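Take a look at the structures below.
Shared between the two complexes below is chain A, which has chain B as its partner in the first and chain C in the second.
Coming up: the complex of A and B.
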């Protein structure tokens, strides 16, 4: 206890200097926390944009479908999959899908398109498809009274083929059995806008798509959302154990190039922030060194009454750590409401960002333990490191020389 | 009487070649347990150097320093720190108390280094304050005490670790003569009642009168060694 008192009172010796040093650490911490929060928040937003738009947090496929999609590479035992998904409480929703490239016709106009077969009900629990309906009504699984199934098409395709609501669209594709698939569908809705990633997509009800592509009851993919997206990799691993014959991929594998870009951007930002903190700590190092120089005689006295050199290193380490933790406590009190505000309300963007027909108006921060503890660990570690040179300097002081100093 | 401190051919010089200063020149002296010894001599005669060498605060250029049969001149750094902590108490001319600690805490600190229990530390602090006449002043910081009171705290700190020897470098030099004599009375009393060995340097004649042994140093060598 006495050693803590001594360290604390030593901090208070030069109040103004300690205050300035503490403030620089507090400021560094607050900036670090806000930067991390905004960085993680914007990446989190980006991840949410595409995972909630279509990808989901985890996907299940047969074999290597993610990298080399083939129409006949399907999940046959759907009961086994759905049983496994229903038994995992951390999964909030899942939806089966089929895919195929297709040619779309209307009158004398043709366009390549991409067919996506989705379960109209289950899909709403995994993606924003329902929200992306810009015109018309979200389709249902049942065909109309004339026996035609409904289709929702991307705004780009609608514009190219000059199609509107209630119009017919003809699709031609290759069936899984090698046959030529062609059929007529009635447009019930236009999806997104001309910049959406699915602007040339044709959404069909799953059952209609399965018949069209001769897939039987099989599907190409299960996409799902989990309650905490940060746990998706662990959940994917658990599912992989339950479904050894299928490939369970977290979104990080499905969107590998995006994930790599995100990681390298993160590292770059962390490095820049590290440099800022390093510059702050050069100031701290100067303060601690000055404090050691001023107390040379006192260290000589401590050495003469039996304090080990290591004891002096410990004392200086303790003083630096105390000042650091006090600064972090103040910084935490400042950063906590700020980060909370950024996470709840965010910064209003001058122009809303349109992602697949969904508008984002705010850039929000992230409010998580990582945002507070990562900078804290970094700063505490930096403080520990910078206390070593002054500590070693103090430890090397010879009592005889120190006692004759002023 | 038991031999407590022994120096043999102790030499200490500073600098080299043209700037060489010989502070101590083949000093051989033996101090026995319970002695109240004053090292006297003019400024630059080597008094402080001799005390520093006896206390293990400095290393001799040659010769040996033996305390309780242990040659401290050859001891590695960590061991000599432990030896100082457990066997030697220091009193400095400028008191050298830790300014941010109270009188009590200054006395307690050395016992903390020794690993004495908190309860025992409190008991001994109380006892030391009583012996040095500082009862009621324990909570004060050094800046709130007079020079004489500060030096009494330094005496209490030196005694707190129950050392074999207390080395004092001009302990009364910063005090007026009345306070200086009063402090010396405290030291003398401890010497007589507790058998504690004191070795102190001084050039004050009134202080010298109270010593039981006077070692005269001149130009780094013993000029005269007289017992009263």
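Coming up: the complex of A and C.
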């Protein structure tokens, strides 16, 4: 305990210097926390944009459908999948889907399009499709009185084929049984705008799409959301054990190139943050070294009366750590409300970002243990590291030389 | 005009059958005193003659087998000369009424459900015809085998083996065609198609010679793409009527293509 008392007193001996050093560490910590919060928040937003827009947090397919989609790579035993999904409490919603490239016709006009068959009810629990209806009514599975099924089409396709609500759209595609799928659908809604990723998509009710593509009751994909997206990889692994014949992929696998970009950007930002902390700690090192040099005579006395050299290293280490933890405590008090506000309300963007027809008006940060503890660990580690050279210097002082110094 | 792909000939020109009973046709014998090349030309010529005629009306069943699915289509087919052909799917129900019209080197498909005629563009010519292992190109392409290929004949006790190598000026995707013809009766047995590297790409076999309207011809054709394991297309001729009175130019019109039945 004596060494703790000594260390604490030594901090208070030069209050102004300790305050300034502490402030630089506090500032560095707050800056680090806010940067991490912004970085994680912006990436979190980006991840939310596409996971909540379409991808979901986890997807299930047959075989290698994610990389090499084939129309007949379908999930046949849907009951098994749905049982597994219903039994996992961390899954908040799931939706089956089918996909196919298609050719869309309207009068003499034609355009390539991408057909997505979705369950009108379940899909709303996984994606923002309902929110993306820019004109018309979100469809249902029931055909109209003439027997035509409804379709929702991307704004780009609507514009290219000059189609509006209530118009007929003709689709031609390859059926799963080798037949030429062809049918007429009635447009019930326009989805998104001309810049949406699904601007050339044609959404059909799942049952209509299955009949159209001769898929029977099978589907190509189950997409799902989980309560905490940071746990999606663990949940995907658990589901994979339950569904060994299918491929369960977290969004990190589905959107692998995006994930890699995100990871390399994160690493780049962490490196920048490391440089900031390094600069802060050059100042701290200078302070600690100054403190050691000033106290050379004092260390000489301590060594003369029998203090072990390691005791001096411990003393300087403790002084630096105490100052660091005090700075972190103050920094935490400052950063906590700031990050909380940033995560809850965020910065109002001068121009909202449009993603697939859904507007994002605020840039928000992330409020999580990672945001606070990662910089904390980094700073405590850096403080420990920079306290060693001055400590070793103090430990190597010879009492004779120290006592003769001024 | 002549055709390179016999199956297309059978599909499109079943009217060629007047000379399809070679055993009964004295002109079908191959003169053994001719040179090897001249004999090969004569055999190929006779095989092509098998499928040359005025008009025909056929009922066909096509079975498409892949590792993923098996599909059976029943269709009617009419032809007039080498240039005109017309196919209409009768079953299954969801495909009923889908019609293909071939006029010379152009092709159109009609889809009654959407009431739309779609011309097969040149870029789709190598695409599958009705999900089968035959391409659209197989149906429209017309080449004179004996003029476009150099022929070499080998003979066994009961078969002729003719190797066809495309001439420099011939436009074709094949590097070589091996054509096997039985001697008695003089009927095609198999065609094997090779690419430029000499690899076998697909095999068309002619099976079960059957007498239709008094004439002998292969009633089953099996196309097996050798680069797609598990895939094959079998065409079974149920019935063929030669030179039926109701086949004329109007049968192959756009109006008929779009007609409901």
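In this section, the second predicted complex is superposed on the first by the 406 of 406 C-alpha atoms of A that agree within 3 Å, B and C clash if a C-alpha of one lies under 4 Å from a C-alpha of the other, contacts with A are read in each partner's own complex, and residues count from 1 in each chain.
One rule holds for everything that comes next: a residue touches a chain if its C-beta (ideal position, glycine included) is under 8 Å from a C-beta of that chain, and two chains touch if they have at least 3 such contacts.
This is a predicted model, so every value here is computed, not measured.
After superposition onto chain A, the partners chain B and chain C occupy separate space and fit alongside each other.
In the superposition on chain A, A:147 contacts neither chain B nor chain C.
When the two structures are aligned on the shared chain, A:399 is found in touch with chain B, with no touch to chain C. Number of chain A residues touched is higher for B, counting chain B against chain C. Once the two complexes are overlaid on the shared chain, A:3 sits against chain B while remaining clear of chain C. For the combined arrangement built by superposing the two complexes, chain A sits at the apex of an angle of 140 degrees to chain B and chain C, based on C-alpha centres and given in steps of 10. With both structures placed on the common chain, the touch criterion links A:178 to chain C but leaves chain B unconnected.
In the overlay built on the shared chain, the residue A:311 is in contact with chain B alone; chain C does not reach it. With both structures placed on the common chain, the touch criterion links A:105 to chain C but leaves chain B unconnected. Contacts of A:170 after superposition: chain C is touched, whereas chain B is not reached. In the superposed pair of complexes, A:297 makes contact with chain B only, with no contact to chain C. When the shared chain is aligned, no partner comes close enough to touch A:337: not chain B, not chain C. Fitting both structures onto chain A leaves chain B and chain C with a minimum C-alpha separation of 80 Å.
When the two complexes are superposed on chain A, none of the residues of chain A touches both chain B and chain C. Within the complex formed with chain B, the residues of chain A that make contact are 1-3, 5-6, 9-10, 12-13, 297-298, 301-309, 311, 398-400, 403. Chain contact summary for the complex, chain B toward chain A: residues 52, 55, 57-58, 77-78, 81-82, 84-86, 90, 92, 96, 98-101, 105, 108-110, 112-114, 118, 157, 161. Residues 72, 105, 170, 172, 174-180, 182-184, 214 of chain A are the ones that touch chain C when the two sit in their complex.
Remark: chain C residues 64, 66, 68-69, 71, 94-95, 98, 109, 111, 113-114, 116, 118, 128, 130-132 touch chain A in the complex.
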